[in-house]
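Below are two complexes that have chain A in common, paired first with chain B and then with chain C.
Moving on, here comes the complex of A and B:
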């Protein structure tokens, strides 16, 4: 494992921790995008360029837009609420860094004396070939999932439009 | 598999577990629905990291990538629908707190 790999993993973990612990929701969404961007660099390092491009464009791009839209459509807290929230928040999230550091240290120093992956089957299969020939059923599933998502959103907004018209 | 490769995959596995723990903590502790969705996203990041490391170790990067792409598609749809539900909930109760999600209609 090179120093760059380790540095990227530490950066990704730091971004994830910042995402969880930062008080502002918008900062949290940006932290999530940063985590995705660093994860896509790790994917490039691990010979998965197509998945990395997907991760960068969809997770760091589209999902961040969805989160920012959701945050902008909801009302922020008042200053009084925010001050009250900040007091309890620190207490609630204080345990997380401790848990992560202790667990990380325990796992890192655990003895590595087992083979946890099957040996062999190292075929340099190309992603497009696998996706279109071997995993074709997955594509049908993906299409169904996308259609379900579209119908779900349409129904959600349609009902809301009706309710607003009735009012 | 060489010892060096095993150590490398172990390191990715350790970070995936840590990411998973951070996401679980976020979901369990937070009451804000948007932050819970962000925690859900972090869960999938941990799974993606583990998948890509496993694909690299076994040499089947093609299969790994196709599974990751499927995971990303599902993830996007889940987040889009969930964000829509959160906005609907906000319009209904003027709050994005999970505490308010106690009344079911019908």
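Moving on, here comes the complex of A and C:
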């Protein structure tokens, strides 16, 4: 593992922790997009350009758009509520960085015998073949997951502003 | 051309039938319980849920299975929060959080299994696990996957989300969640993977027997202490799913047949009980059993169908629940796990106790104040209740014919 790999892993874990610990939903969505973007760079480093492009376009792109769209449909907190929320959230996740470091160290030093099959790096054509020919049913499932999620956002948030105004 | 070879066998057919019956019941109840302006959206979400569950049943690849588990989970979150109440959001949120933990565990396991076997098809992974049976990392992957499924199935000690989700969801959603969703995503998946992929190794058997027995006892004890009708049914559900897992843990042909039969029976009589809960809630405006009493005289169809469902759940002959529990207990005993079989028999008495308490507090005894003008629920609730009751009675009476024709062929998948 090179210094660049280590640095990228450290950055990705930091972005992931910030995603969980930050009190604002919008910051959290941006943190998740950043995590995905760094993961894409790691995938490029690992010679998996197609997986990296998917990660970047779907996770860092499409999913972030869905999150931001959902957040824009919610009512923002007042300054006072925000300060209180930030305090309790930080308190709740104070131990998280320590847990992550300890777990990382344990996995690093565990005597696990990773006796895996040797993997070759698939060419672009092979990936396309796998994706469109052998995993087409999965693609249909993934499309349905995204459709369901977007449909859910519309169902749950569509009339929220109106309902709150009526109250 | 769609390249997909579905895993359809006798267990799949049982699941397709259960999914269709429970979804139909939910659809009936929704006509009465969901406001007209939300009904179109509800039906669309129910269809997405059915796609997810049928996909889970059709899958013969671990990644395909994971994707359809997610379709089912996402549709379920939205359905639980459908009425946008505080409790509904709380129930949905708990389900989202624990389901995300389960998904993370399953994904981590998939990553390891992919590296061990080079593919995620059921037979590829099975062969790889057989050839590397002593690999610690493969055992870890299997254990992590099974724990993820325990969370999805709401088994003790991973059941924290289940009572809140079931009780806070709208009535037709409770019917489909309790009736089939957790069975398809947690229990069926476990049955399918243990039979077709992981195999009946001693650690897997022990884990299933232990979790099954703990769920039976803890679920029944917790049900005894509830005063909310739907929460009591939720804990009862945990206990009944424990019987299915116990049967699976025995690992014999007879036990598998019993487990799948109980899975189907449970889908039917638990849906019936939740349809009854919908009728009671709609007509009386409460689910608090302490405020109810004697309503069977005013709601005779709901009262009668709930008695049939309760007798079947408690394992009273000749109803379907009696036969499936009997097969499971006999199979567990014959497999040499006498202690587990004894606990399962004793826990049946607990089931009888909490259901007798429920019947006395809700349907029998003196009519509670304020219910003199109470009327029976409408046809949209009565029709599915009668259909589900007929299936429960029919399966019980037709058992001698069913045993050789349908049940043992289900077990012969081993």
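Note that in this section the second predicted complex is superposed on the first by the 118 of 167 C-alpha atoms of A that agree within 3 Å, B and C clash if a C-alpha of one lies under 4 Å from a C-alpha of the other, contacts with A are read in each partner's own complex, and residues count from 1 in each chain.
Here, a residue touches a chain if its C-beta (ideal position, glycine included) is under 8 Å from a C-beta of that chain, and two chains touch if they have at least 3 such contacts.
As the structure is a computational prediction, the values presented were derived from the model and not from experiment.
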### Message
Let me test your reading of the model: by the given contact rule, A:32 touches which partner, first (chain B), second (chain C), both or neither?
### Response
first
### Task
Look at A:149 in the shared chain and tell me whether it touches chain B only, chain C only, both, or neither; answer first, second, both or neither.
both
### Query
Counting only touches as set out at the top, which of chain B and chain C does A:41 meet: first, second, both, neither?
neither
### Task
State whether chain B or chain C is in contact with more residues of chain A in the superposed arrangement.
B
### Message
Tell me the contact category for A:11 with respect to chain B and chain C: first, second, both or neither.
### Response
neither
#### Entry: Touched partner set for A:133, first chain B, second chain C, both or neither
second
### Touched partner set for A:68, first chain B, second chain C, both or neither
neither
## Note on the structure
Intersected contact list for chain A, partners chain B and chain C 112, 115-117, 119, 134-135, 138, 141-142, 145, 148-149, 152, 156, 160
### Query
Which residues of chain C touch chain A in their complex?
2-4, 41, 44-45, 48, 51-52, 55, 61, 63-64, 67-68, 70-71, 74-75, 77-78, 81-82, 84, 115-118, 132, 135-137, 140
### Task
Please give the residue numbers of chain B that touch chain A in the complex, ascending.
1, 4, 6-15, 17-19, 21-23, 25-26, 29, 32, 34-35, 37-39, 41-42, 45, 48-49, 52-70, 72-81, 83-88, 90-91, 94, 96
### Message
Quick check on the complex: what are the chain A residues that touch chain B?
### Response
1, 5-6, 9, 12-13, 16-17, 19-20, 25, 28-29, 32, 35-36, 39, 42-43, 46-48, 50-51, 54-55, 58-59, 62-63, 66-67, 69-71, 73-75, 92-93, 95-96, 99-100, 103-104, 107-108, 112, 115-119, 121-127, 129-131, 134-135, 138, 141-142, 145-146, 148-149, 152-153, 156-157, 160
### Query
Given the complex with chain C, which residues does chain A contribute to the contact?
112-117, 119, 133-138, 141-142, 144-145, 147-149, 151-152, 155-156, 160, 163
